[in-house]
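Heads up, the next two complexes both have subunit A, just with different partners, subunit B and then subunit C.
This part shows the complex of A and B:
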């Protein structure tokens, strides 16, 4: 047990280390000189050399890598030249917005997927199943930015049910005090119900837009697995004990069918909370997506390195949680056969 | 008058597939006296498992029971709603399923799965149900029963899992256990042990058993009466010793001949039944066995007319066979081999 945990932990550390090296090397082997980009096309060679010196680019690669790793731990994540701020400031300002949106998108995708997959498979009603498969098919095929524009047009412009693309809060709402940087949670914690409601309303459309494709994917996956498991012999046996259709389904079919969905959900969650470019653009969301794209284009090392590392940590953490949950649900993972 | 625990009358079950209607059970009638053991034998695809599921009302779409009645303890349960059936399943009739490897939920403990069966029909607390589960596991001779209660199915061997299945089936002392190929997936030694356990327990409890199998050796050992199924029909019914001594239907005889028996080993290949059972979606107009029948193949009557049931034997020991030649065979046929004692 301890051995397995140690193995998992070292694997996680290796993955994070690998990601840090990869991000570091990748940004540096691309052609182009970040110092040149910062000082501008008309700057003299001396100015460029000077700029390289302040950025530490004249040092050998391993020294640069060491400074980067040391910075991670000391909290000095470097300077984001494209934004004119420290990386830490930029990420603290933008990542929670992306993460909050991603979390709600995930919740939407996951909850709706589970409900619809159950509806599609429970009792084998062909028309319900067909409709849900159709919805999932459309969800997978619809480009999110297009879907975002359409829902904005309909729900904001035409019907006015949801606010337009004005970011996380309406223009007249002041942000809640920051504890977690998640506006909905912070506002509730501070008892500012109006602010919480405003934040939630602003989250709705982008979260649905962002969660559409993950939702469609999860529905397909869980539906297929539920169908497979509900044809298993043990479901017939459970029914032969006198259990009703729903207890057999919810107590026996669902836990068995849920395992692949759990794995997929972990990956999707990690992906969603690390931001998205197009959906954030459409909804004018002050997230991290645009910053990252900008930073890659301008070879703004510090931002990309830090972001890749944080993403790697998020992926590893989520997958670790998935592994633990997997063991809780499936004893075959937890307990070896030999006895 | 006999006391029947189960009376099945003209039961019909169809599967509505894309390739047409598969008639898995075609007007099957059978009856089981209280405490008796009945064998249902036939090849794969003869409708045996569909019959078992139809009796328990567990046919799922695309299948459907389309006709007939199932009288359990005198009540017609084929007209019951699923909710009413839930009160019957596990309590009055229970199922031992084929392939113990897939018949238990892999993510629940053995104990939980037995307790689930107990608490479904008995108002007992968790601790009492746990104790009952331990005693059931002891009954089916699972070693270290208390310790193994919290194990999961993957920690049990095939034979042990099948014992657990028997424990679950007997948890509420039902009047009838439907055992669908209970030992097919096990090796021969384990088969014998599991059958011994089943036999002892049903004898102790006076439980009737409907044993579905393709293994005639098990039938000879275990059953009082035999129903031979072919292409969704019961083509012959007889007491076990009568059937083994004097099969009236050519299919029964062919089945018996294809069992290897040490007392009549001959050189040459083991006799087999040529060909395959007919597709249940596309049955021939006459006797379904006609294309493979050593007696009736090519006979116009057999190819065009479905044989009616022919009643043979003594009134208290009836034999019914669905064969145009059954009467001739019964009168003329000699026992193919005296049953070795």
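This part shows the complex of A and C:
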């Protein structure tokens, strides 16, 4: 068990090392000249050389790589000159907004996916199944940023049910006292129900937009797993022992159908990270995704660079954790390891 | 953004039996399989608009006419006009051409690179296999869109670099799949038989293994096509795709961004609809292609 985990850990570390080399190559070696971007197009050659010196760009590549890696681990992520702050400050300040949005998006995707996957497989009704499959295909094919614009147009502009794209809270609401930095939770903890309601209303449309792709993906996966599991012998056995259809589904089929879904959590995280880049800008959500888009537009690549590597580390870490967890939860995976 | 993985499950019906009766029955096949029929029709329509659009709709996709800006859809402008009076329908057609072209190029080049890497890794083994697969793992360590973004930032934004970035993220999916497929086929008895008959390694590779992995490669390529179009639009949306006047669908949605909330919805809605139709149709077709072609799928026994 431990040896298998160690093997997976070394694989994960190798992947992160390779990823950092890739990120370094594409960010440091290929682009024109980051020093020129910082000092501006009108600066003299001396100013550029000076800037290169302070950034260490005159050093050999392997020295630059070492500084880059050391910087990543010590939290020295560079300076976001478009914001006039360090990259670390920017990312840390914006993380809670993205995390809260991601959490609600995931909850939406997961709950709806479980309900629809059950509806698709619970009884044999081809039209229900067909409709749900069609919806999942459409969900995976929809550009999330475009979907966000459509729901804004309909629910905010035309029908006025939800607020427009003004961030996490309305202009007249003050943020709740901070414990967790999640506005909905903080507001409830402080007993400010009005603020909590406002925060929730502002979360609704972005969360649905961000959750659309994970939802479509989860429905497909859960539906296929549920179909597989419900054909297993043990389901036939519990049914023939007189257990009703619903208990057989909810107690026996569903938990087993969730297991393969766990392996997809890495993919779900990747979807949420990429989705936040595409969705937050549309809703003026003050998170990391919007920061990335703004940094790209202003050619402030120090931010993008850090984000790219951090998301790779998060992605690999989740996949590694899932790999190890899976062996703990599902005994069948452990057997080849024990040999 | 979903990673470009082929679909695992099957649809109802028994399409292979019908498919085996010959290509002449393709139309009957499409007519009976409603979802596939709709998907193929939709994609064919987009291809027609992209290729033949300029012939029957000669408006210039770049022609600025400030006098007729922000007009709603009408018979003169079926999709309206944008903020500088360009015809959205003409731009939509041009966008279809760009997206489908980039999607095809990404799929073909990526399949070639990924296919060769996978086959070489599977066939040679040893340190080369290890090196190639660790490189693939490094690429897979990124969420796909984020890596495509990084590559495009590094190489300078534009359609070509965006396509290159997307292509790079798809290579590992082909390579890993084909490597495992080559390893599986290598262990089958008929390869042993060919070896016993005195066939050289190169001949066994070229005549016995490669033909057997083509269908796997095709299935994966079909799954990647939709991903490529969606990612291109996403890169265009964040400002990393086509340069400003170029009517790429993603950049067209960005153009329409500020007009969405002032009522001129048509500028952004139609290009998004184009992406939606192209990607959904492509993934339905990929799904069916898998059912029909997958050697390990549920039709392997037929």
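One rule holds for everything that comes next: the second predicted complex is superposed on the first by the 287 of 339 C-alpha atoms of A that agree within 3 Å, B and C clash if a C-alpha of one lies under 4 Å from a C-alpha of the other, contacts with A are read in each partner's own complex, and residues count from 1 in each chain.
The rule is simple: a contact is a pair of C-beta atoms (placed from the backbone, for glycine too) under 8 Å apart; a residue touches a chain by one contact, two chains touch by 3 or more.
Treat the numbers as computed from the prediction; the structure is a model and nothing was measured.
Partners subunit B and subunit C fit side by side in the overlay (superposition on subunit A). Subunit A is touched at more residues by one of its partners, and among subunit B and subunit C that partner is C. By the touch criterion defined above, A:282 lies against subunit C but remains apart from subunit B after alignment on the C-alpha atoms of chain A.
By the touch criterion defined above, A:233 reaches subunit B but does not reach subunit C. With both structures placed on the common chain, the touch criterion links A:141 to subunit C but leaves subunit B unconnected. Touch criterion met: A:243 reaches subunit B, while subunit C stays clear of it. With both structures placed on the common chain, the touch criterion links A:329 to subunit B but leaves subunit C unconnected. Remark: least CA distance from subunit B to subunit C after fitting both complexes onto chain A is 8 Å. Comparing the two interfaces of subunit A, the one with subunit B and the one with subunit C have no residue in common. Listed in rising order, the residues of subunit A touching subunit B in the complex are 124, 232-234, 236-245, 252, 255-256, 329-332, 335, 337, 339. Contact residues on subunit A toward subunit C in their complex (touch as defined above): 11, 14-19, 21-23, 25-27, 29-32, 126, 134, 137-138, 140-143, 145-147, 149-150, 152-153, 156-157, 164-165, 213, 217, 220, 223-224, 227, 267, 269-271, 273-275, 277-278, 281-282, 292-293, 296-297, 301, 304-305, 307-308, 311-312, 315-316. Of all the residues in subunit C, the ones that touch subunit A in their complex are 1-3, 7-9, 12, 35, 134-135, 137-147, 149-151, 153-156, 226, 230, 233-234, 237-240, 250, 253, 256-257, 260-261, 263, 265, 268-269, 271-272, 275-284, 287. Partner subunit A is touched in their complex by these residues of subunit B: 53, 56, 58, 60-61, 82-83, 86-91, 94-95, 97-99, 102-109, 116-117, 120-121, 151-152, 154-155, 165, 168, 171.
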